[in-house]
Amino acid sequence: MIKQYPGYEQYEVANIEDYGYKEHRLTKKIFKVFRAIVIIFAVFLMYIPIFTIFLQSINSSTITSEFGQITFKWYANIFDKGSLLTAIRNTVFISIWATLISTVLGTLFAIGISTLERKAKRHIMLLNNIPLLNADIVSGIGLMLIFSSLIHIFPYFFGWRTMLLAHIFFTLPYVVLSVLPKLRELDPNLFEASLDLGVKPYPSLYKVIIPAIKAGIFSGMILAFTMSFDDFVISYYTTGNGFDNLSIWIYSSMGRKSLSPSVYAFSTLVTILFFILLIITNLLRGRKQHHENH
Amino acid sequence: MNKYFKKLAIPYFVWLYVLAIIPFVIMAILSFVNNEGLNFSKAIFTLDNFGYLTTSSTVIAFMNSLFYAVIATLTCIVIGYMVAYAIFRSHFKNKFLVMTILILPMWSNMLLRIEALKNIMEPHNIITDILSKLGIHVSLDIAGTPLAVIIGLISTYIPFMILSIYTALEKIDYSLEEAALDLGLTETKKFWKVIFPLSTKGIVSGSIMVFLPCMSGFAIPEILGQGNILLIGNVIDQHFRNMNYNLGSLLAVVILIIILGAIFLVSKFDKEGETLL
Amino acid sequence: RQKEALLILNWGEYINDEVVERFEKEYNINVVISLADSNELFYSKIKSGTTAYDLVIPSEYMVQRMFESGMLQHIQKEKLSNYHEDMFLPGVNGFIESMSAVFPEYADYQIPYFWGTFGLMYNKRKTGLEEIIKEKGWEAFFNEAELPTGTEVGMYNVPRFAYAAAMFYNHLSPNAIPNEENIAIAQRTLSMRKFNEWGTDTLKKNIQKRDLDLAFVYIGDFLDMLYQEINDEVNPKDISDIAYDIYIPDETIAFMDSFVIPKNARHVDLAHAFINFFLDPQNAYENASVVGYCTPLVESYNMILAGKNSDDKYLQNWALAIEKYYPLPDETWEKPYKGTPLTNFDVNSLTKITNMVNNVKTR
Amino acid sequence: MKKVLIDLKDIVKTFDGQTIVNHLNLQIYENEFLTLLGPSGCGKTTTLRMIAGFEKTEAGVIIIDGKIVNDLPPYARPVNTVFQRYALFPHLNVIENIVFGLKNSSYASKLMFYGEDNLIMEAQDKYPNKKITKHLLNKLINEKIYQDAEYAIKLVNLQGLEYRKINQLSGGQMQRVALARAIINRPKILLLDEPLAALDLKLRQNMHYELKEMQRRLGITFIFVTHDQEEAMTMSDRIVVINDGVIQQLGTPKEIYNEPVNRFVADFIGESNIIRGKYIKENEIEVLNKRIPCVGYKFAENEIVDVVIRPEDWDVVSLDKAVFVGKVISSIFKGVHYEIIAKVEDVELIIHTYEEVKVNDQIGLKVDPYKIHLMRVAQDE
Amino acid sequence: MKKVLIDLKDIVKTFDGQTIVNHLNLQIYENEFLTLLGPSGCGKTTTLRMIAGFEKTEAGVIIIDGKIVNDLPPYARPVNTVFQRYALFPHLNVIENIVFGLKNSSYASKLMFYGEDNLIMEAQDKYPNKKITKHLLNKLINEKIYQDAEYAIKLVNLQGLEYRKINQLSGGQMQRVALARAIINRPKILLLDEPLAALDLKLRQNMHYELKEMQRRLGITFIFVTHDQEEAMTMSDRIVVINDGVIQQLGTPKEIYNEPVNRFVADFIGESNIIRGKYIKENEIEVLNKRIPCVGYKFAENEIVDVVIRPEDWDVVSLDKAVFVGKVISSIFKGVHYEIIAKVEDVELIIHTYEEVKVNDQIGLKVDPYKIHLMRVAQDE
């Protein structure tokens, strides 16, 4: 199909083949279909588990292979189970703080790392990989060891403090890894320009560098939150004095008894909540931008 | 920038040395002794633990880990790139939002998701039940197979890859794409010669985030492999649970050395010094 | 400062929160329950000393191990007003007795909480399976040839339990030292067939949903599934309608979870009070009604069985289940309970067993 | 008649509702050197981008070589661009940037580029005993590409920097890489967006020569954007003066310079004295209260006209020979000449001369009738 | 004597072992307009970057206002830069870019910038009934910042683009934003790295005027990099010619132009005829086989010298009055003048004249003795 140009019929319309290129229509189409399949597959892979969880959360039957009736009682039940509720609260507390702290620290560290020479950089990046590579149980026990050296000074040290520290420990590498590539592409003149205009290094960092790498920071933050929200083993070893998070609750409850479907309900709620949160923040941001433009 | 923020890296050095290296040293010591738990008072020097390194199950578990981690990482790169690139090229007004929504599932508990995935991979589950009530009889029976484990690994870790790659793609200077087209490169070639090389950093960091946890994780192979598929993470976990910290530490240390050593070598011989680390 | 807190380390969903709340009210304190999913984690948690737990609920072999590591303190029975000599079921007493044979201090360092055995859970709908299992037990479990074709079999994914199963098959003690010979025997036995699944909590679910036909599980798993179906709101089933069952061979693992008090507990008196609270038959009954396993207390046991005459369908079924799966011993029994309690193995033995099982899996 | 290579017909382009290019009509001939001149933001870059295919036109068609190319993707157009802000590939070094286009074209187009027969002959010469395989030809092509790159590098004076990273180059060096990268492809049409702005005079003059030479030898059509008057004047066959997306004048450098069609062009192309005057009759005008002769314009008698006299067209003469006498207000040395501002009859005139004149001196001026240019006064003034 | 504001003492800078700036010594006076001239890659940008504080010096000290600033961070130096490649903040719009520096400085330095007393008076005027609080002053400062920004925007002719995104600007517009961003801070020293390269002639001339005006009014010292000869000549108080990191000549534009100290400078600063000749005796030289008078140089008798004659210093005269007679080889219209190449005694001379001359014609030449410049022949030639 060649496009027509009314009023210019006397001219031939250029065809890509005249210029030594081939229009790979078929291959392109095949690739497009292939790509669509892959993307659908990926979305399917990511969404099918939470869809199943959702189904189980509205399933009146506690049996995971049979669908009885639609019910919302599990949602109500979340708030009946004291221990579950506490675990949820703890989880939210830890993951939000761990995410915030490690996002801030990780960004600063990444900025520091980006200024190092090649050798020092390689050195620290190898270290940075250790928390990622270590089996969780190894990290957990290792951290426990370190933390317990402080127990003589602070008898009640174990609990949210240690868990928070531990979470910061294993989420930092994700932030660093996300932010670092962005820093590489930065135009060095930008920072210089800001200094030149009399803005001090740290304000410049905040005003110029951070906006330029915010996509990396954001994805680091998302990863940090994911890891923190999900963690069981490290949390298990580093907590104490009755401070359990949701993953510990889930794991321990699977051991001897079946999970209450309230867990599914909670999980679904979380997903929906995040979805709404995302949309809202986005709307707010959109409005702010709109504001600025006028 | 250099001279101002160099000091920012110092606390991280300290932090990592305290929280990553000291435990590592302790574990290194643990692997040469025989003691109970972490009680060093009764420790005796021994090399017995090293005997277990070569037992067939350990070696097989290690090879399995490597195999699954490589396959999962490669697949994640391919699929993750396609997804990230599709979003990058889409005409959505807020692409980052679209992407975050896409990877939203990773914010529900991983164990629950894996359990759910396992359920679906078995012949009888809630979805087949609903479908069969609607008169559709389909079912899957792959739980316990390597395929199931790989699918589980991909499903769990692909968001990391998508995020990393997308972030890398996001800031590629558009004028470079124009320059490539201008120089006569077709869209396909432009992709391979400009966009892809400029996004390798995202691929590398994404791969690290996928490969390393795949190497050392145990929940996914255990659940989706129905206990039949043994990865090195499972072995380490077992020994630590049995409180054989000596053997557990030894395995952990050996793996750490092998993988980090490999990364170190690659980064050292990486001519440009840019692609890795 | 907050109220004093009693720190308890327990399995997940293994206590009735309402009873705990009552205790909190009565003593005006907080009870903080931490969770763990294995005996070994209990151990390492206490060993690490990061938290001074007041009360822990491990199984018998872990009680032994904790004792041997010097982590436990003596239970002061005089502080337990509800405690008296013959308050436990005969099986419980028998269990304590035989445990005491290898571990004399057992009785003094724990108070039973729940108890039970392992068994072979099977799918009743698989034709011929029930008969052969009941007839041949372990023989059938390990021999593919004995079972109806296409029987899918699962094994408990804890090396120690798998080793025990192999020992039972060979009519050896599950506590037999894993020397080379025994390891070889176990490995040969476990390699006789390919297990479709090595799992823990997943086994029961898969049998329930017919994706597995036979598995070595722990009775709690079975009861769990059972109660779920009985309690189902839309489609509650009678105990007789359940499509699966459990067979408890004579040679099997017996277990008992008990209260123990770690040495470094900060609230020893309160811990005793807590134990005492759960020795009250009414409290124990209520606790069991949520957890579903069998209480060790005679009186509470009787309260459950009394449910047979109740109008409440659930209480009826519960009574039937307990009567069936926790029968009182009769004179045909050699000893007043079924199975053999596990004793503690040292780390080396466990490593050998684990390695053996891994070899089986990767063969 | 020269052949029309590029034909822009009625092109319109808007950004955010603002018209940037407004019904542009322009024919560019084969092997021509055309310069776009106009104030910053007038749409020069946008026009180039439409020709290169990076911007869609809102209306109108772009015809290259007789074919409508509106929908032809940029890579297929026989056009190469030197971008205003370089757009060098940061992941490649200097030479890799330069060979980028050639190396990554298909084998077929490489064959076409170097001429298949040529290559085969050369291969036979070079490897007399070998069979001519695709592999061998490829090797030969590769050698040729690097030879070409070496040549291009020499052309832009970048020897020794072949393996430098892009971010280690100075501004002028980057611009030269961009230039080399474009010319190595020997495109039919080369678009250059201020390609020499960051180069020093000597190098720029060198490049002028080289570009002209290249144009002659390879028959490339150049479309050039520059802000350098002299550059535009020296290099161009024709100049297009654009303002606000509308063509003001199109013509040879001399036409543009000597016969600007309106005040904007006169003003924009170099300094000018534009003085209100009166067309008395054929060959006579009144300006600055003097009647002087002029040549070759036709207006109504007594019509008010704009009289344009270039600063260098004034002859500084002794006072007795002068037609106009003024007082020197300022005199600045401009490197080559002096720029003098003198007041004549209350009008400030700019005069260029090679001789020094003192401020506050009297100055005598005269002007050759042939150097006087008359323009109709624009309606809106 | 003027006060020395910046004193570069023996500055050395190397990159990768390659010396870029080589023992540079340079004094820059207060309120001076100094231009760095030199071929691409000679180290101009690097020198500016060292003054601004972005690059460490390897050796030597930089003294500003009598104090060694080697270790003073860039933000504390009283210096602002207009970057060669703009370095605009992509996440901010035009006006946000311009106010960036002022807005993000500390309250104290804002007070200092606008004068605390001034501000308080103004505040009292404006809000007679209000108490003067920090909040109020801040508000006032903010207003003033935006007023200043408006003024700067007007200065660079960017009205109407205040809220544009940076990536929606044309090249020249970006450069103007960069300029406005620097001047709004009224620095003591302004470094400009080819700040006008992307601007058209008219705008550039305007900016010349504005910059000079600003320099006069605010007493700013300008250090300027440009490739535009005329710009350098017109604007500068002094010019530094650099080659390969070494200062070749430092002087007023006239000195540089008329009395280049060596071939490089003569060659680099505009076109030149450099002809080998002989110093016969005082006030007489032999060149192109003719003895002609010259003025004001002292060499050994019969010493071989380089004779420099600028193209525009030739007088084209009728053949009978000529000292030299040559044949016209080429004649190009250069916008303002004609550039003629003529062969005299087998030497090609470049001649600028306002009159047209035909190729192959005979041409008569003469040169004013005062216009002849003699240089010692460099050793290595």
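Note that the chains are named A, B, C, D and E in the order they appear, and that numbering of residues resets to 1 at the start of each chain.
Basically, contacts are C-beta pairs under 8 Å (C-beta built on N, C-alpha and C of every residue); 3 or more make two chains touch, one makes a residue touch a chain.
The structure displayed is predicted, hence computed values, not measured ones.
Contact with both subunit D and subunit E is made by A. Of all chain pairs, the one linked by the most C-beta contacts is A-B. Distance from per-chain Cα centroids to the pooled protein Cα centroid is smallest for A. Taking each chain's centre as the average of its CA atoms, subunit C and subunit D sit 90 Å apart. One simple way to say how far apart two chains are is to compare their mean CA positions; for subunit A and subunit B this gives 14 Å. A separation of 52 Å divides the Cα centre of subunit A from that of subunit D.
Shown for subunit C are the residues that touch two or more other chains, namely 38, 41, 44, 48, 209. Looking at subunit B, one finds that residues 4, 38, 124-125, 186, 241, 274 touch two or more other chains. Of all residues in subunit D, those touching 2 or more other chains are 73, 75-76, 85, 90, 109, listed in ascending order. You'll find the chains touch as A-B, A-C, A-D, A-E, B-C, B-D, D-E. For subunit B in complex with subunit C, the residues that touch the partner chain are 36-38, 52, 55-58, 60-61, 64, 118, 122-125, 143-144, 222-223, 226-230, 235, 238-239, 241-244, 247. Within the complex, the subunit D residues that touch subunit E are 15, 37-41, 44-45, 84-85, 168-173, 176, 193-194, 197-205, 227-230, 232-234, 253-254, 257, 267-268, 270-271, 310, 312-313, 332-337, 339, 352, 354.
The residues of subunit B lying in touch with subunit D in their complex are 173, 175-176, 178-187, 189-190, 193-194, 197-198, 274. Listing the residues of subunit A that touch subunit D in their complex gives 3, 5, 8, 11-16, 18-21, 185, 188.
For subunit E in complex with subunit A, the touching residues are 52-54, 73-76, 79-81, 83, 85, 87-91, 100-101, 104-105, 109, 163, 181-182, 185.
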